[in-house]
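Labels run A, B and C following the written order; every chain starts at residue 1.
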């Protein structure tokens, strides 16, 4: 009386339903992107045009001659009603036009394009360090729960959560640069190389490797390793803790018992079966940590004189260059939105259960 | 239950009674159980201890400080190392006693923490409880707004806000509060959704309570414990953000002894007079660590389900 | 012929804050190539007995026995590596609910192939062919397609067949089935049992069938062990079940409704502390 199950029983949903499901996902993503971006622009508009008593002065400073003030007022459309101003602002922002920086006299977008690769390189290396060390540490802490390793990982993590990064950066400069001479002076590259080295992508590590300039690579590495390690430490604190939680959850699942019953080695069960399942939520965690490093670079870059978007924003802040500050804010906000969406997509591809939904 | 039951009832038995005679007794009993779980966690107690010390420091800063926090001895006491006579933690470039500045700085730290909590928590609580209780399009709109704020870069947004409002500790507080309410709204909403359909809410509704009364008196209190845990954990981040703003010169203005600003001014002397920047950093680290430890302990005590995590 | 499995005075205990808790307290039996049912209520130690034989007891547990041997191999003396080489290869285990016991992010085919390639040195393509043949052996018609599906894409009954395929592909001599049908719909239970029944018979495996369902066990097994509070209270041939002497077994039996029987008053299962002694 055993009946082989028919293929309909396993077919799941039909192809049409699947396509509809996918369209719904795309539609939801679009709504999220559009509303979040609108929200971002509304908030920056509010900050830039509504809060200041005179936005022109906020942009130009109070020493600008009267005719310049008048011209800029005209250009910014400040004599229009507020909602029309917002639409103009929207249109400009969507075209990447954030006005001119008072400090550098360049269009803000031009400046940001120039400084963004430095931040991108730093945050990426930081996240790499954080995940490559943080994930194994978290796994180890979960497997040896309650052991000395677990306690150590917990303490390292707690301090990483609690330490003011700019302070840690100063102290590490004192130790590794001033005392031990292991790393280079703050900055991205030695002055010597600034004239002989022409970057192509703006990612100095890759560029110098690609061009085969080993001495430049060495120098760039000596500059980037300390700030990247610090950012890496902060993200390690977060990643290792979350990895531990996820792994503890996975290791208590029945499929782990089944894998043992199959005679698999613990190594394979932990690092393949359990970690592969923990990887699904971990992707979101790593993406979030990456986003927060992009942002956290504001403080780190200031200490390390790292010519990225963080330093650009703080320099502009100190010179009351509102166009540049808001432009930088919008760009970082846009990157945040993109990372959120990307991590959501990655989550879906990693988890077969959400793929068809 | 190892204690020999002393006649008629020890205080402990009264607290742990499974048949409390009054609401008061039940409440106290629950609080006692929570405290026992909490106090079993030594690190959490350490966190609580540090915060108590911080509060005492803030209250008695005037009495405890050996010197003025704002005016120093420019002629005779510039950049003295720690352990110098009369200057336990050394002095800064204006000859001010670092210990006195740290003591007074604790007031600014507490000021920031309390104000951010007082501003951000109610916003989040109200938004979340209303969204969760009302449901429908109100929920959809409120949560979309919350998610939008969640997707923003918090620190950068706070920077831009302070840049527009002008530097100063009040504006820093405002900027931090504006960027930190969304997680509270999410938590409050989730908790509200779980109690919304509970029978006791239905009973209150049948007795004719208005939605406002239900949300204020019956829904919001249920959200409090998870909210308190989250706020405690967040305070560590708030301290770091406030210090970061201070470090960038956007928080408390000189000569106020704000810890982040103290690090910024000590930065110039880091190579030769390391203590100027180091001392306030240790203070920030300790207080932030204390909030993390306390928050972890509270979570384990208030929510035993997650205790293992 | 020496028995396949010998268990003599097996004890499993867990250290807890309240002291040592004994889950299994002196269980003894031996098993040839036959079907043995272990019945008991939850907490009776039946599952822990099965897991102790597999070597899947949590690390903090303490296991002792006068003898615990499989085919002449002393399981208590064997190194973790030797025990691992037995598991899935010569001794296998089917768990309760395929929804949780199959890895959700791996395709069914890969999970079956994994068992085989852990224990046999064969090529990937040959392993795949044998896995598909195994899926067909558990009566999955569209085996090649199911091979590429993820566990959430199949029904519970099919998931449990995949589980059986995964555990039997290396052709073990002893199979421990721990409540293999309890999580399934009633209509599917019989199909899965029939498949299990046929495979056990065809391959001449020894089977330990762990269940709380005395009737199911008695219809399926040759011999039945009834456990209560970590001890064996009765061992009896399935055919003789009606003559069970122990009051607990009789209690379990009388709990089962019979058509036309008088159900008043409803029998209540007696639990006497002295049985546990």
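To be clear about the criterion, a contact is a pair of C-beta atoms (placed from the backbone, for glycine too) under 8 Å apart; a residue touches a chain by one contact, two chains touch by 3 or more.
Bear in mind the structure is a predicted one, so any value in this text is a computation, not a measurement.
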Chain-chain pair with the highest tally of contacting C-beta pairs: A-B
Greatest separation from subunit C - chain, by CA centre: B
Subunit A-subunit C separation of Cα centroids, rounded to whole Å: 50
CA centroid of subunit B to CA centroid of subunit C, Å: 53
Subunit A-subunit B separation of Cα centroids, rounded to whole Å: 26
Residues on subunit A engaged by subunit C in the complex (per definition of touch): 1-7, 9-10, 12, 253-255, 257-265, 273, 276-277, 280, 350-353, 356
Touching residues on subunit C, where the partner in the complex is subunit A: 54, 56, 84-89, 92-93, 95-97, 100-106, 114-115, 118-119, 139-142, 145-146, 149-150, 152-155, 157-158, 163, 166-167, 190-191, 194-195
Contact set on subunit B toward subunit A in their complex: 144-145, 147-149, 151-157, 159-161, 163-165, 236, 240, 243-244, 247-250, 260, 263, 267, 270-271, 274, 277-278, 280-281, 284-285, 288-289, 291-293, 308-309
Of all residues in subunit A, those that touch subunit B in their complex: 32, 35-36, 39-40, 43-44, 47-48, 51-52, 58, 158-159, 161-168, 170-171, 173-174, 178, 245, 248, 291, 294-296, 298-299, 302-303, 313-314, 317-318, 320, 322, 325-326, 328-329, 332-333, 336-337, 340
